[in-house]
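In the two complexes below, subunit A is the common chain; its partner is subunit B in one and subunit C in the other.
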Partner chain A sequence: MIPLLRSEWTKFRTVRGWVAGSIVAVLLTVGVGLLGAAGTVRSCQGPQGDVCPEIPIGPGGQAVHDRFSFYHRALPGDGSITVKVADVSGVITYPPPDHDKIVPGVVPWAKVGVMVKQDLRQGSAYAAVMVTGAHGTRVQDDFVNDLAAGGDPWLRLTRSGDTLKGESSPDGTSWRVIAERRLKGPALIGLFAASPCDVTLSQGALGGTIGACRLTNVTGKFEDVSVEGASGTWTHDDVGGEIGAPTLSVGSARVWGSTIQLTGSGDISPAGMEGGAVVERTLTGASIGLIAVIVVGVLFVTAEYRRGLIKATLAANPGRTGVLLAKAAVVATVTFAGGLVAAALAVPVGIGLMRDRNNSIAPITALTEVRVIVGTAALLAVTAVLALALGAIFRRSAAAVIAAIMLVLLPQLLATASVIPSSAAQWLLRVTPAAGFAIQQSIPAYPQVEDYYIPALGYYPLPPLGGFAVMCGYAAVALAGAIVVLRRRDA
Partner chain B sequence: MDVTVEVNGLRKRFGATRALDDMTFSVKPGLVTGFVGPNGAGKSTTMRIIVGLDRPDEGSALVGGVAYRTLKRPLTHVGALLDASAFQPSRTARNHLLWLAQSQGLGPRRVDEVVEQVGLGTAARRRAGGYSLGMRQRLGIAAALLGDPPVLLFDEPFNGLDPEGIVWIRGLLRSLAADGRSVLVSSHLMSELQDVAGHLIVAGRGRVVADRAVEDLIATASNGRVTLRTTAREDAMEALARAGATVTVTGADSLTVAGLSGAETVAVLTAAEVAFAEVSAHRATLEEAYMELTRESVEFR
Partner chain C sequence: MIRAEWTKFRTLPGLPWLVLLLVVLTVGTGAAATALVPCCDVLPSRVSLAGVQAGQIAAVALAVGMVAGEYSTGMIVVTLLAVPHRGRMLAAKALLVGGVTLAGALVAITTSAVIGPGVTPTAFVGSIVYLVLVSLLALGVAAAVRDTAVAMGVALGILYGFPLVIRMIQDPVWQERLAWISPMEAGMAVQGGIASIGPWAGLAVLGVWAVGALAVGRSRVGGSVGAVV
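Moving on to the complex of A and B:
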């Protein structure tokens, strides 16, 4: 195998066109990516000038939404809060079909319950037990963690030491522990209410997808509220509340004895794509660089057929299998290296360009950033192998290039350009090699957040590695098929 | 090492065309074996099967007793020139030979050796796409020699060579055979193999028509014929025909006489008072011998 690899590497590097093609792939990936980044401009003109609001960051480092109605006391040390959620009601403004009325209603992820939160700062740590509009009783903490816990109306949060214990009960006597979380230091304890906007997606008459998000609020009626270990008085705050916000989104609390009615709007959740510009915006050039990668991958084998050179290659390596494997290894390594250079250049430079244009960047972990960069390189490398295999099967450059573009690039463009319905787009990104682009998605979709999870907005239907595995599967099958036909056919 | 090539009962069809129909022969070391026949006789297909490029429908081709496809570093066993223009035009000749060498675990030094051997010299560092037909043949021959193999196959190596090149390749073929290698050279022009081939395999319609030593073949083809030189061609033909001979005109003043011995020819001409310059035993050219053999098997398309 080593002699074959060396031999195929010599073949690759001694044809100027292929080396140039690989460099073109890098330049296209970086160039087009940076053009996209440079075109991402954010402007927040307002009475205070062009000042964009700070996006809060949660304890896990994600950009978050943290806006809700909070009725609370101080919790210096150990303590607990116990309530019964007696009723949940709310208001939805101008819902479908006619969008002409404000109607009573509770959105599925409206949430009311008990919370211990570090402080009133947006993004500070918290844990909460809650009843939701349509998803039952749940425990959530630190914006991204969510746990379903049946449908009990009695909720309790207890802190002892650094440990917070969330419990629920059907009747207020027999309690079930749902989850334990850690939360240190002085905190606030109380009741909360939040109601995210009412999301719908519809298909535009001229293609494209129209998303709409209508203001809602929720009112929780809490009975038998009992708090232990708290100090100070009850205070109401709209966490993250804005001056001049619509009346319906302003929270309020009413108290009769041990019954409290709390109204609120907003959400406590990861911010998703609203958390800032995403790093993969700097890598959109990979789709274009991919064309050069495909051409090089295809030509690396079809050129041999065109010149009859394949006869010399196969006479020198009559086992044949090794030839294709060595070719695949060479073209994959070259493309991966080029892709890595391209992505490692495009991401930091692109982020700089976007920051210069007033964008905040959705924060991600270093590991995610590495995954996006290395994943982009791997995506290009696997595409090159797929193109090579198609070249060996078709033996014609044009046919193989077209087939590779139809398999990889076309579904990706159709799905993300929002020219087809989102359901079709999602289907394409599940069953075609274009699923591999999921490896570039830096911000995950959260099931506990209602959002526009469509490819046009950068959400892939499969998880990053899952999508990439689909693409690898295609490449592996194509390569195996190419080996079989190469072994069977007369050269 | 056993360096014979054995081709045994090869059959191969391409669609409706029967390319090979029980092709059987063997190539022995130490001499150049000519592999001749009209276009379409199956020479190239046979060679492609020997080096494992095509699979026969039936039969086998063995090199030194084993199938080519099982050889580990095949180019060190068999060198083949099948298609002189099989290279990437934008690659230099040296790099073309380099990847081929590397695939066999050979280094660049061997490449430089064969480049010198075939006389490409400094031209090896130029793009092969700009090569003349003759230089392409030299590159193809260099590739065949790369592994210093004991068996060599050349498919139409004289194509496109200038006279100087033809002289060179004849010398090369002779010296390769003199080293004790098995050398199989195909050609559709017999004259090219004159004075080179020691043995001849004549193919026609996918099978072997004749498999003979060249000396033997020429003797048979010449057998009993007489070459006559005379300025009185018409008179001579009339007299000889009357005596029962078959006469063929071979030149302005030369005839070939069959059916009469040299002495009888002289007697007939003397009796008829026909002047002649020379009567000698006829020695057929390789081409004549070949035409004789393939007369029935030529396939016109």
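Moving on to the complex of A and C:
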């Protein structure tokens, strides 16, 4: 195998066009990626001029939405809060079909309930038990964690030591523990209400999907409110509230006896793609660099056929499987190395460019960043293997290049830049090798947040490694097919 | 001269199949879009003729095959011996490729229009012209780079690259700037929906690309045949 690898590497390295093609792939990936980054400009018109608001960061390091109505007391140590959610109502502004009225209604992820939160700062740690508009009773904490818990109206949060216990009950006497979380130090305890905007998707005239998000609010009526261990007086705050916000989004609390009625708007959730410019925007060039990779991968085989070199190659190494595997190894290694250089260059430089243009960058973990960079290189390498296999199957450049581009690039294009509706686009990105682009997605979709999880906005239907596995599957099948036909056919 | 090119086209394996591929890809994708897109939300022309985005691959392959194919087999030497005038040879090829694509596009677009929810006259004529201009653009590229795979990569990169990048950047000003120089994005404005460019200006952008590619191709075609064969 080693001499085979060495001879294929020598071929690759000495053909000027293949080396040039690999360099072009790197340059395209970096150049187009940086162009995309340079074209990502954010401007915010506010009272202070072009100053964009800071996006809060949650305890897990994600960008988060943290805006809600909070009626609270101080919680220095142990304590608990117990309530019964007697009624949930709300207002939705200008819903479909006519978008002309403000109507009563509760959006699916409107939430009212009890919460213990570290402080009033946006993004501080919390845990909450809540009743939602259409998703039953739930326990959520620290923005990203979400647990379904039936549909009981009685909610309770208890802290003893560092442990918070969330419970629900159908009748206020028999309690069921849903989750336990840790939250240390002095905190606030009380009631909250939040109602994210009403998301509707419509088809654009050019195809694609246009999302709209309209203001809503929610009012929760809490009965039999009892708090233990709290100190100080009840206070109402709109966490993350802005001066000059629309009246409907301003929260309020009304109290009579042990009944409290709390109104609020906003959301407590991971911010998703709204949390800033995403890292993969600096890697858009990969889909263009891919074309150069495909051309090199195809030519690495077909050029041998065209010039008859394949006869010499096979005469020297009659084991045809070995020849093809060596070729695949060489082209994959070269492309991976080039892709790694390109991605490792494009990401930091591109992030710098986007920061200069007033963007905040959606924070991700170092591990995710490594996955996006290495994944992009791997994406290119696997595409090269797929193209090589197609070249060996078709033995003709034109057919192989058409096939590779139709498999890898066309689905991506049709999914994001055509009239095809997003449901069909998602299927395209599940069943074609283009699914592999999912490895570039740095911000996951959260089921507990209503958002436009569509390919056109950068959300792939499969998880990063799942999508990449689909692409690898295609490459493996093509390579196996190529080995079979190469063994059967005359050179 | 055109007859000679026609004979080559007719007898080469693969090339006539590409016309069929053009029709199948265009009609198939258009029909799929028609079936998938809910009625009346999207411009009918865009839906009926969605297949042009896919079918143009075949138009590109056809044009590239006509030129780069000859370089790979050495046939170009014979062609140039018979027709020493490089420009005339390229013109003959352009006429043939344009004509064949026109015929294929006529069938493909008419069928798509019949299947789909409706097509404006502008979109109908414009999409046919679009496919012909795409084939000429690819012909110019192929004459310039002379290698099948590289020519297809360059031509499809020019076509598909812009829309992919445009969708991934989110600044509308940059999107429009890029759309104005993109042969595919501007050219597809004949199907309506891009008010800022307009149908004929969009086709003109594609036309400039095609003429430019042919000019580059003309200056490079047959320049050093010996080195290639």
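Quick note on the criterion: the second predicted complex is superposed on the first by the 489 of 491 C-alpha atoms of A that agree within 3 Å, B and C clash if a C-alpha of one lies under 4 Å from a C-alpha of the other, contacts with A are read in each partner's own complex, and residues count from 1 in each chain.
We adopt the following convention: a residue touches a chain if its C-beta (ideal position, glycine included) is under 8 Å from a C-beta of that chain, and two chains touch if they have at least 3 such contacts.
The shown structure was predicted, so the numbers you read here are calculated from the model rather than taken from an experiment.
In the superposed model, more residues of subunit A are touched by C than by the other of subunit B and subunit C.
By the touch criterion stated above, A:Val295 is placed in contact with subunit C alone, subunit B being left untouched. Touch criterion not met for A:Met1: it reaches neither subunit B nor subunit C.
With both structures placed on the common chain, the touch criterion links A:Gly319 to subunit B but leaves subunit C unconnected. Of the two partner chains placed by superposition, only subunit C is touched by A:Ala400; subunit B is not. Judged by the touch definition given at the top, the superposed model places A:Ala424 against subunit C, while subunit B stays out of reach. Once the two complexes are laid over each other on the shared chain, residue contacts for A:Thr10 go to subunit B alone; subunit C is not touched. Touch criterion not met for A:Ala134: it reaches neither subunit B nor subunit C.
Applying the stated contact rule after C-alpha superposition, one finds that A:Lys311 touches subunit B and leaves subunit C untouched.
By the touch criterion defined above, A:Arg281 reaches subunit C but does not reach subunit B. Comparing which residues of subunit A touch subunit B with which touch subunit C, the overlap comprises 17.
Across the interface of their complex, subunit A is touched by residues 48, 51-55, 68-71, 74-75, 80, 82-83, 85-92, 95, 98-100, 102-105, 143 of subunit B. Of all residues in subunit C, only 14, 29, 32-33, 36-38, 41-43, 46-47, 50, 53-54, 57-58, 61, 64-65, 68-69, 72, 147-150, 152-153, 156-157, 160-161, 163-171, 173-175, 178, 193-194 touch subunit A in the complex they form. Here subunit A touches subunit C in the complex through residues 17, 21, 28, 32, 35-36, 39-41, 202-207, 281, 284-285, 287-288, 291-292, 294-295, 298-299, 302, 306, 396-402, 405-406, 409-410, 412-414, 416-421, 423-424, 456, 458, going by the rule given at the top.
Considering their complex, residues 3-4, 6-8, 10-11, 14-17, 303-304, 307-309, 311-319, 490-491 of subunit A touch subunit B.
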